[in-house]
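Here come two complexes built around chain A, the first alongside chain B, the second alongside chain C.
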Partner chain A sequence: MLVSDYINSRQRRVGRASIKRSLAALFALMIGLGGMMSVSSVHAEVPNAVPPKGDHQGEDVPQPIEFPHDIHADINGINCMYCHTYARRSKVAGIPPTSKCMGCHSVIATDKPRIQKLTEYWENKESPQWNKVHDVPDFVHFTHEKHLQRFVFNNEGMDVDNVSEVCAFCHGDVKKMTVAHKVKPLNMGFCVRCHEANEGPSDCWKCHK
Partner chain B sequence: MSGNDINRRDFLKFMGLGGVGAATLTGCDMPTTVTLEEGKEKVVSYLAPEEYVIPGIGVWYASTCQQCPSGCSIHGRVREGRVLKVEGNPESSMNGTGLCQMAHAGLQGHYNPDRLSKPLVRKGDKLTEASWEEAWALVEEKLGARTAWLTGTISGHQAVLLDDLKKTLGSNKSYAYEAINNGVGEALNKAVLGEATPRYRFDKAQSVLSFGADFLGTWVSPVHFTKEYAQKFRTGERGVLMVVEPKMTMTGANADFWVPARPGTEGALALGIANVLLHKHQVDGRVLPKAALDVIAKYSLAKTTDVTGVRSEAIVKMANYLRNNSPSIILSGPSAHEHANGSQNAAAAMLLNILLGNVGKTIESSGEMPVKDIAARPASSKAIVDFVADVGRGDIDAVVITGTNPVFTAPKALGVEDKLSQVPFKVALSMFIDETSALADVVLPLASSYEDWGTSVAAYQPHDKVIGVQQPLMQPLYKETKGLGDVLLSLLKSKGVDGYAGFDDYYAYLRKAFSDMPASVKQGKSDKAFWSAALQSGLINVGAASGSIKAKAPKVQAVGYEANSDYPFHLVPSARQGLWDGRHANIPWMQEAPDQVSKVFWDSWAEIHPKTANALGVKEGDFIRIESDQGVIETQVYIFKGVHPDVVAVPMGQGHENYGRYATGVGVNPLKILSPTTDESTGELANHATRVRVAKTGAKAPFPRLGGSEQQAGRLLVGTVTADVFRKTEGGDHVA
Partner chain C sequence: MSLKNLLNDWSHYRKGIEDGGFYEYEHMWGMVVDLNKCTGCNACSVSCYSENNLAVVGKDRMMKGQGLHWLRLERYWDEPDMGGDDKEFQERGGSFLPMMCQQCNAATCEVVCPVAATYHTPDGLNAQIYNRCIGSRYCSNNCPYRLRYFNFYSYYEESWPEPLNQQLNPDLSVRDKGVMEKCTFCIQRIRTGKDKAAREGREVRDGDVVTACAQSCPTQAITFGDLLDKDAQVTKLWKSHQVELGKTKQNKSDEDLRGYRVLEGLNTDPCVMYLDRVREV
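Our next item is the complex of A and B:
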């Protein structure tokens, strides 16, 4: 998508004042991108999307195994959806089944204490009981599937390899974390502003059903 | 939302600030109120998931509802290994996509916190938790030739196993008892039509006259009848529904013409209507034997009015409707059947069917079940009378009780509790402790119907003959529960019965039983394909109903009425769609759901006519004392015109003394004060034959009733016009 198209489409959606603001933001972003091109941690752009704003200071949530997201997703470049395989099909992203972990770790890094702990679970036919980091109240119906459809699969120009940028809208830069931290507020204001900016549905019952 | 310390006042302050500032969503950004704390809940992944399992996405499996004996087919939505919702099975000719509220609420029985998870064994006065081995050793030891089986409705392969077990033990004693049953009707149908449960074709009928058969609420197969009735009678070509009953039921509330007759005189009313048809409408009486015509001749309008208390105009009107809207169906049900002369009432109603030529037109043969050993076995209330008599004779050393709670549902005067105490060894197979299982020596925890295998064959088969397949919708919630089929099979194996040693469990037995079904049923499918198809659809269609039906006119006798000055009122223990015979009183949704007619919830009530209320000097919510020769109950009154002035109607189902946290201590049980009368011809319990006297107690309390008023109070909730105005508009042919 061309920058002019982007601006045109934004013009249709928002008032003049915010067009100015978003233009400024866009230019700032482009300049920033240009400057950081050589840095490896550069974030790819998600086309046709206005990332939600808002931050949250998450607590440290201890986990039964200190799962290193950084080793998997960043250093080894594994796609988020390889393990969170249900995200594209279901309302929940799903914690990967233990069998999936063992698919690799019956041969990889078997000398590491964390893997040994995992193997112990597997041999006892148990799954680790993870502590939930990201959650919304029971009266909120959030679906991963619809969000991935909108921002990844039905999004022209979006490369599925960059899906972690879409995940990061709500989950932060998990690639740089070991166990997940909550860094976005995930409250209604956060959701609604993003829905407004991206022309998501605004009916109450879309989420509260 | 725990640990949330914002209160309403702070919330409003926040909202106020949001309103003043430019941002409009300030209230939605309060992190502690609308998000959850991190790390407080667990999330557990699958160890190794099945390929088709996707968390968050439900898969629907077919099964059969066991909430009442109608046998509706269901689809259950299963997600993450839990059944979350049931809906009607669209493939079912019985209920289609429809289900009643009891089916929908069944999950609250399954997930009920009062469910038994371990076997209980009596030690001294108390039932204490025991290992399955300990409980089972007692059961194996004590069951023998003098063992009785006191059950609810049992059908399908469980009934086959029970038959084999009885044969092995040398016991012929089994008692299938249901408080809500059609025993009198079935006996009469068998005698007159040759089959106990014919098909009723509401779709072919132009009018229906029901003497107390609440076919839209609790009678025989209500979901199916509702579906067929709604299609035929409430869309397009409209039929006429007439209902004669002492207390307005769901069916009565839907009637075009509702008539309260004196309880027990329904037969006289039917004969009076026959008289009008014969004499005023010149219906050909030659289809009836002379004896019947002679009895009918006695019921002139004056005499009928004298006996039934129904105005002569109403009798003529019903006869006119039947004559002008042919063919018709005449039904009779509990409030006509459950009297000393119940079979007479049923016979008189059937006589009308024969006179009007309905048999063969709207009442058809339902044909024979080709797989004979699993044919439907409807339960009756005579069973509990027989059980009590047999215990009294000292014929019974041990009893196995399952699917029934007679200590609660049988009239107290029968002395079921006392008789049970005379049986040396009692085993209850139950999901819950109830009034009956609390008396047992051993209680084995039963799996719920959503955890168990089974087959069931409904007594009423609307079109083709169908075997309902019940498959588990989820793994058992409690490891130590067992299904009835598995318990029966274990007993057969432990007694060393030939042919059962090879089956690991009831599932294995069912697989074999399905393989052994006749070729006509399997229709050329391989064993595996037949099994898969049965699980997929939840139904096995075993062939179209065929066969002809012919009526042999029943003998009828004169039906009279005797007033009782000591006990001037009739007690009607009506069936409440929702609580059924009381088995669903431990389901909070069923307590919470208001009664369809009175709108009372979480309690009992006595329905009385405004005239009666005036005479007693009571207002809605006042307590009255209802006294029979067997005892007293006290409850609040609901004043309603849909009750006969001589009737006090108290629905059954409430008044549990020991049925878990939701049911115990709620309301009163009218069955406790019933006289132990039986129908003279069939021996079925006559639960509507009790006479009572009623007095004001003076106590008052808030009345738990939804919708406080029967009046519109000028609010025009339902618009009305006078007949004159209506005639001048679309209702008449002479437009002004």
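Our next item is the complex of A and C:
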């Protein structure tokens, strides 16, 4: 791909995103005016799925950089799997390498203090030591891959762009958070209820190890 | 809950025997150990220790019978008249018998567990759920092979001091004291093999899953595979030695066929077949 093509496609993408953003703002305004709903975003439905129920108030987990999920996933509409690449092919969703952050942030928002902190890490050839938020016990085998296969890739009528709705089953509405918070209990009852509702496996050794 | 599980397991098993094929099972993992090839080198046992996060308990506790070797190598000296004069250490040496959980289909350990911490999986495996185990040790007492091991102590800091804790296998838990444990036929490897097959959109093939002991055996005495898979190496070996599941006594056309299952007369219906050692007399 030529550099000019790249810049063009990038501009197009940025343009589309800003249109989308302004549309979303308009939509929110309409809803606000109508006084029908108090939430500003409308959730897309995940077909062939019964979302698990249960709430949890997780503690604040301090992070080296206060990463804003809302700016990335909601305002700019970046797909969750753009950064958490391993979710679709391995057990863990994966934290993106700093090089992936710098792929955009060598040019975008370089004047912001958080980005400057990130750039400092990058120049010192260090990684930010992120702290784990959603930690299941060691005796549990959980694989992101299987769940994404079931609810996204092998799910008829499911749009991959809406993958965040599937992530929200267990991670809550990360789009509205800055640093991720644990808002689902992620205990055995929570898992089993969802497995029963969605006809997941019920064999002990499927999840316990 | 526990009674229901138990009855389900048993009716499942009965149906398997009566239909003569265990078709309701997804897999039926089985093993063949060729004692002719076994040299007693203990590589299988060592690899089991490292694969399954087994604690090294030390000599004293081993002597008390508190060892945690999921795969132990039993040593038998030959008949006294086969060797020289020394009755204790004979000229002809010993024979070895690697003993891992026999994954009995009619497991005696399962029926006695008061909390249903051990049950039969749809893979034909005898599973142990550590979280549910209360450490009553009934299962160990009821196992005719003595292949269940109890954690009398917490070994995490003792057996894996820093930096040795880095060697622990993350695919299975480190058991704490008060919990019974046993050979799982490397369930983590089975899981990985199945996941890989699912990712590639195919059935599990022979060779997708290899247990740690089978992988490390230098003479390839151990063969592992799915007994429901007609093309699997294990199935062929079971067939050629005329050993079948669901029988207390095998009807063999030839006396010289070496295949046998340990204590099969007890109707435990194990999934491990041994090939008897043949020696010159």
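In this section, the second predicted complex is superposed on the first by the 169 of 209 C-alpha atoms of A that agree within 3 Å, B and C clash if a C-alpha of one lies under 4 Å from a C-alpha of the other, contacts with A are read in each partner's own complex, and residues count from 1 in each chain.
We take it that a contact is a pair of C-beta atoms (placed from the backbone, for glycine too) under 8 Å apart; a residue touches a chain by one contact, two chains touch by 3 or more.
Every value quoted in this text rests on a predicted model; they were computed, and no experiment measured them.
In the three-chain model built by superposing on chain A, chain B clashes with chain C. Within the superposed three-chain model, A:R89 lies in touch with chain B and with chain C [touch as defined at top].
Once the two complexes are laid over each other on the shared chain, residue contacts for A:K146 go to chain C alone; chain B is not touched. More residues of chain A lie in contact with B than with the other chain of the pair chain B and chain C. Touch criterion not met for A:D70: it reaches neither chain B nor chain C.
Of the two partner chains, neither chain B nor chain C is touched by A:E45.
Shared-chain residue A:W205: touches chain C; no touch with chain B. Chain C is struck by only one stretch of chain B after the chain A overlay, and of the options 164-172, 236-244 or 614-622 that stretch is 236-244.
Across the superposed pair, chain B and chain C both touch chain A at residues 89. Across the complex, chain B meets chain A through its residues 1, 25-26, 28-31, 34-36, 38-49, 54-57. Within the complex formed with chain C, the residues of chain A that make contact are 89, 138-139, 141, 143, 145-146, 149, 203-205, 208-209.
Residues 54, 56, 58-59, 61-62, 86, 89-92, 94-99, 122, 125-137, 182, 185-190, 192-193 of chain A are the ones that touch chain B when the two sit in their complex. The part of chain C that touches chain A in the complex is made up of residues 119, 121-123, 125, 127, 129-132, 170-174, 187-188, 191, 195, 198-199.
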